[in-house]
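Take this structure, written in structure tokens, and hold onto it; I'll ask about it next.
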Amino acid sequence: MVKVAVIGASGYTGLELIRLLALHPEVEITHITSRQYDGENISTVFPSLAGVVSLSCEAVDVAKISATADFVFTALPHKTAMNVVPGFLNHGCRVVDLSADYRLQDVAVYEQWYQAHSSPELLTEAVYGLPELGRKRIKTARLVANPGCYPTSVALALAPLLQHSVIDHSTLIVDSKSGASGAGREAKTASLFCEVNEGFKAYSVGCHRHTPEIEQTLSSLAGEEVVVNFTPHLLPVSRGILSTCYARLSQSIDQLSLQELYETFYQDDKFVRVLPEGHLPNVAYVKGSNYADVGFVIDERTQRIIVVSAIDNLVKGAAGQAIQNMNIMLGLPEEKGLCGVPLFP
Amino acid sequence: MVKVAVIGASGYTGLELIRLLALHPEVEITHITSRQYDGENISTVFPSLAGVVSLSCEAVDVAKISATADFVFTALPHKTAMNVVPGFLNHGCRVVDLSADYRLQDVAVYEQWYQAHSSPELLTEAVYGLPELGRKRIKTARLVANPGCYPTSVALALAPLLQHSVIDHSTLIVDSKSGASGAGREAKTASLFCEVNEGFKAYSVGCHRHTPEIEQTLSSLAGEEVVVNFTPHLLPVSRGILSTCYARLSQSIDQLSLQELYETFYQDDKFVRVLPEGHLPNVAYVKGSNYADVGFVIDERTQRIIVVSAIDNLVKGAAGQAIQNMNIMLGLPEEKGLCGVPLFP
Amino acid sequence: MVKVAVIGASGYTGLELIRLLALHPEVEITHITSRQYDGENISTVFPSLAGVVSLSCEAVDVAKISATADFVFTALPHKTAMNVVPGFLNHGCRVVDLSADYRLQDVAVYEQWYQAHSSPELLTEAVYGLPELGRKRIKTARLVANPGCYPTSVALALAPLLQHSVIDHSTLIVDSKSGASGAGREAKTASLFCEVNEGFKAYSVGCHRHTPEIEQTLSSLAGEEVVVNFTPHLLPVSRGILSTCYARLSQSIDQLSLQELYETFYQDDKFVRVLPEGHLPNVAYVKGSNYADVGFVIDERTQRIIVVSAIDNLVKGAAGQAIQNMNIMLGLPEEKGLCGVPLFP
Amino acid sequence: MVKVAVIGASGYTGLELIRLLALHPEVEITHITSRQYDGENISTVFPSLAGVVSLSCEAVDVAKISATADFVFTALPHKTAMNVVPGFLNHGCRVVDLSADYRLQDVAVYEQWYQAHSSPELLTEAVYGLPELGRKRIKTARLVANPGCYPTSVALALAPLLQHSVIDHSTLIVDSKSGASGAGREAKTASLFCEVNEGFKAYSVGCHRHTPEIEQTLSSLAGEEVVVNFTPHLLPVSRGILSTCYARLSQSIDQLSLQELYETFYQDDKFVRVLPEGHLPNVAYVKGSNYADVGFVIDERTQRIIVVSAIDNLVKGAAGQAIQNMNIMLGLPEEKGLCGVPLFP
């Protein structure tokens, strides 16, 4: 049994970590922290957890938590995360950080899109935790930077195309749509039910902070610099991201060969479901699960490929992937504790 | 490993059975049937199941299915169910029937609210499968009649009150609200997204078929005939039933004593969560799980008690409870395969 | 043209007043106030208003506003309202106050359920503005207290029954359900999309502040003190209240006679639609309109009547009714500016 | 008063026509037809219309209807429309057809994407009714082909760019999202509440029938053949289309100049709201209104422009635009009967 702490338990990602870890057969949760709910039982904060987990929220005390926990998930906002991650590492914990703080390898890029970085030396050490694109380095990492929700959905959609140079990446357009839990649990007017319900909008057009993360991954896959248009939208659903990606084909390839290419690429990846020809993803079919569904269509008229991927932003886009990374780091079967079947309807 | 067949797999209840059984460590699904999708793989019908279950739908062939399956869940509409249940029993299968066909002990009542019954002799044998109100008879039953979704939510809300004669049951009012999956997956105009979304209405007022079932259970608890007003409403959510029950107190009792009474009544029932004082249920907190949450308030001004219960109509109100019944029938731990934590948000 | 000011324009009720007043042929909006958005154009605050209204929000300056406006709608929270209403009256404006501050005639009741009242002398003068239950006093009022959303839905459902003594009011149960706009536009965790969506709960059970208002109106109709159980619930829709009311019949009456009684009672009330036998209200069918739909069923088994009413909480439950009151006060046709057809779907 | 018939009143577009026409001061509705509800009062079919319109649905009898009606809206499915439109024209009616049957000028293109055309001779006469891109021909038309919902949203988003050759149209990508009312009111499993709610998917990728209509309009604006990738998605809202359009700039132009270009282009178009810099459309802000909101961002990093437009698919995307066309044809002010303010929230 690995002893695990969840730092930042009062957000939706924190809750999702607890929901999944509570059922993980090799995990014991020893600490959960929340400044806002310090002293309160987590099952009062989130009544869904009643009868499942009965732990009190604490303030973050790195020394105290490290004394019992071996493994730490930091589910804090960026900037706040880098204030505690180095401490946990120094106390011998292994960490999966779910914030953006250790995802970008180039500190200059980080500081351009976010703010000054207080532990840039860890950027080199941190391993970007997208298992399907590289498990080996995750296995031995001390610090894994858990990918963003949008970047996960985009990377899994496009990886086979970029690695096999099937597309002209200068034509790449990524149109993504996310459910409202992606905006977190902070009390903001823009996140109110009446503001989101029956609505739909684009936001942060041309300036969303996940853009450099997406480009870093795609560039690495392509072996050269990739620049994309990434446009996020807000969906009136609680969970789910669907990314629709467009690119011109750089070589003639038919649907069948491409299908084979995708299936081969993901043949060892239990959590990526390459849909059969004629089928496309729906966020409803991955809800609550760690699956990423991928499907595509070649438009002969325009010689473009349209790839669509769907994930649950709180699972494969956050907590589920974090646990997948933990499993890899601990040498456990990758799907341990992550076998939940999507909840439909 | 028990070999299980799901009869009627193309509705939401059938899907939910498959979702839950797929993860049940003691179960192997051997057959799933659907007239509509005969020959089609269930993961094409419900893409949420891709990578989880890969079985083809068949037509119902009692002899063939009974040859391999030991245990059968019939998730068919009432009337259709009684056409196949006797056959499965005759072939030696044990059956949990999720239809209304074997829930009412009095054939006259059944025939008044539904239609003629073709196997009334089984009504005496069939055991009403609400485990929290009587596990013993379920254990040895050949045929369990799985309770309706509304009746489950109402019975669990009121059982302690009726058994302890705390209320004047002649004043009982039950105001229930159900998510749209309760109406099934049939293509009807009234069930279209645009008809249900942003709407809310009462329906079948004074004549809903779950009324006699509710009264049967409440009467049995009270030890005398109970007649209720039961009013169902349609909620614009996919899953969930919330029942708000009103009755005049027949004796002076305070909130604390009543809290104790409820907690004692359900002390051995893992799936009933009696909420702490000051807390009331929300369907959002039981979604996807087998929990029934119960809370109440005594209104001193009117000397009435208001009890509120919440369940997921597809789980505790159907598939989850059916599996709970199976576990009991097979001598397995009652919560086997049912430990899923509610999916919130 | 009457010159109108909207005090408190940044909430959903303020927005709805502006939406409706903008189309009112006899109204010119001269001022709108909002502390939060002071100086900002209302069409930036609410982009739905772009091209319709172009006014800047101001701070509340009673003297300045009264200098141009003849008529004032105060759409402020209770307690805040009574700080400005007397001033507007003193400056010669007529006022429809949409808060709770002048609804209760008995200051002791107000102070028990709310807080100390700073202008109790106005309680006697203020006229409760439910036109269908008394237009005459509204006509000449200087100050109209616009009814609460729940009380409107309940009073219109029950008025014919109480006035004709058809029910035993000691058995009255009112189970109401409201859309999320009823909670206002304040940034609270409990009002976030992810907290409300796919959820449903009762709240303020036994202690909601609309209870004494409901009882005041029902008592006045019955000619004796009426005490009710009123239980509000939160619906995952933006707009709409549905109230389901239960009472025992105190005399034998059939559906047809009751239908006639309702139709006669409301024969001059354009905004109350008594539904034909066999039909019941749905909040979806009144959305955006000033209609109150009423339908009922007599349950012969229990000798109870179940009356259901539906309104749009922001229109007939707030802004629409306020304008209806203004029309009456100004001697305009009651439906002036309120002819919008419900938006379905 | 113009005497108007609505052919095909039982769909959502038919209902929306009635909702709007009922308030149009120059219109009298004389006939509404519905095969499905023949003989039924429309206010029973759609209870939202109770108290507003009281007409019985009839079967389509061209001669009879033409005897009283001067103006006809055909809100029928494609193929069905062309069976009746020529008849109404022959009987002297002017017609706005809301189907796809007369939108494409090239019969070969129509027959490639739809089916054989039975009145191809009318394709030359029919005027494509997008008023903002050409009112003159609409004014005198006998038959106006009302644009599709998606094509309206796309054309209004892109018209200024194409007419001014600001973009390289070979790079055009159109990613559109529509509410569920776009799929009509037919009882289909895929349109059920539980299938759409909490879901989001792309559909008809590379083969949606609105593609040639979009290309026809864009080509006409560009003065040369334009081919686009058009990808529709299904949003879990009742109303609204949001189109996100991407293209590479073919000349250097800054946000301010482009803002001016858009504002100038639409300066006489009351129903197109060009949003101020920094603001982007949301379907929630046009709901129930005839507005098309347009906003854009230039992404300097990629030299692409992202234009976003939002309409209510049932109003500007169907019934509202049809009435706008009628107003033009009859020489009425274009906004007559269409002044409804968007319903938010």
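Per-chain residue numbering starts at 1, and chain names A, B, C and D are given in the order in which the chains are listed.
Assume a residue touches a chain if its C-beta (ideal position, glycine included) is under 8 Å from a C-beta of that chain, and two chains touch if they have at least 3 such contacts.
If you're wondering where the values come from, they're calculated on a predicted model, not measured in any experiment.
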{"item": "Chain pair, A-D or A-C, that carries the greater number of C-beta contacts", "value": "A-D"}
{"item": "Chain located farthest away, centre of chain C as origin (C-alpha)", "value": "A"}
{"item": "Length of the line joining the C-alpha centres of chain A and chain C, rounded to whole Å", "value": "45"}
{"item": "Where chain A and chain D are represented by their mean Cα positions, the distance between them in whole Å", "value": "38"}
{"item": "Sequence positions of chain B contacting 2 or more other chains", "value": "12, 181, 194-195, 197-198, 236-239, 282, 284-285, 287, 345"}
{"item": "Sites on chain D touched by chain C in the complex", "value": "12, 15, 19, 22-23, 44, 46-52, 181, 198, 238-239, 270, 273, 275-276, 279, 282, 284-289, 291, 293, 339-345"}
{"item": "Touch list for chain A against partner chain C, complex", "value": "12, 180-181, 185, 187-189, 191-198, 236-238"}
{"item": "Residue numbers on chain A that touch chain D, as the complex places them", "value": "171, 173, 175, 177, 194-195, 197-203, 205-206, 227-229, 231, 233, 235-240, 242, 244, 246, 280-285, 287, 297-302, 304, 306, 308, 310, 345"}
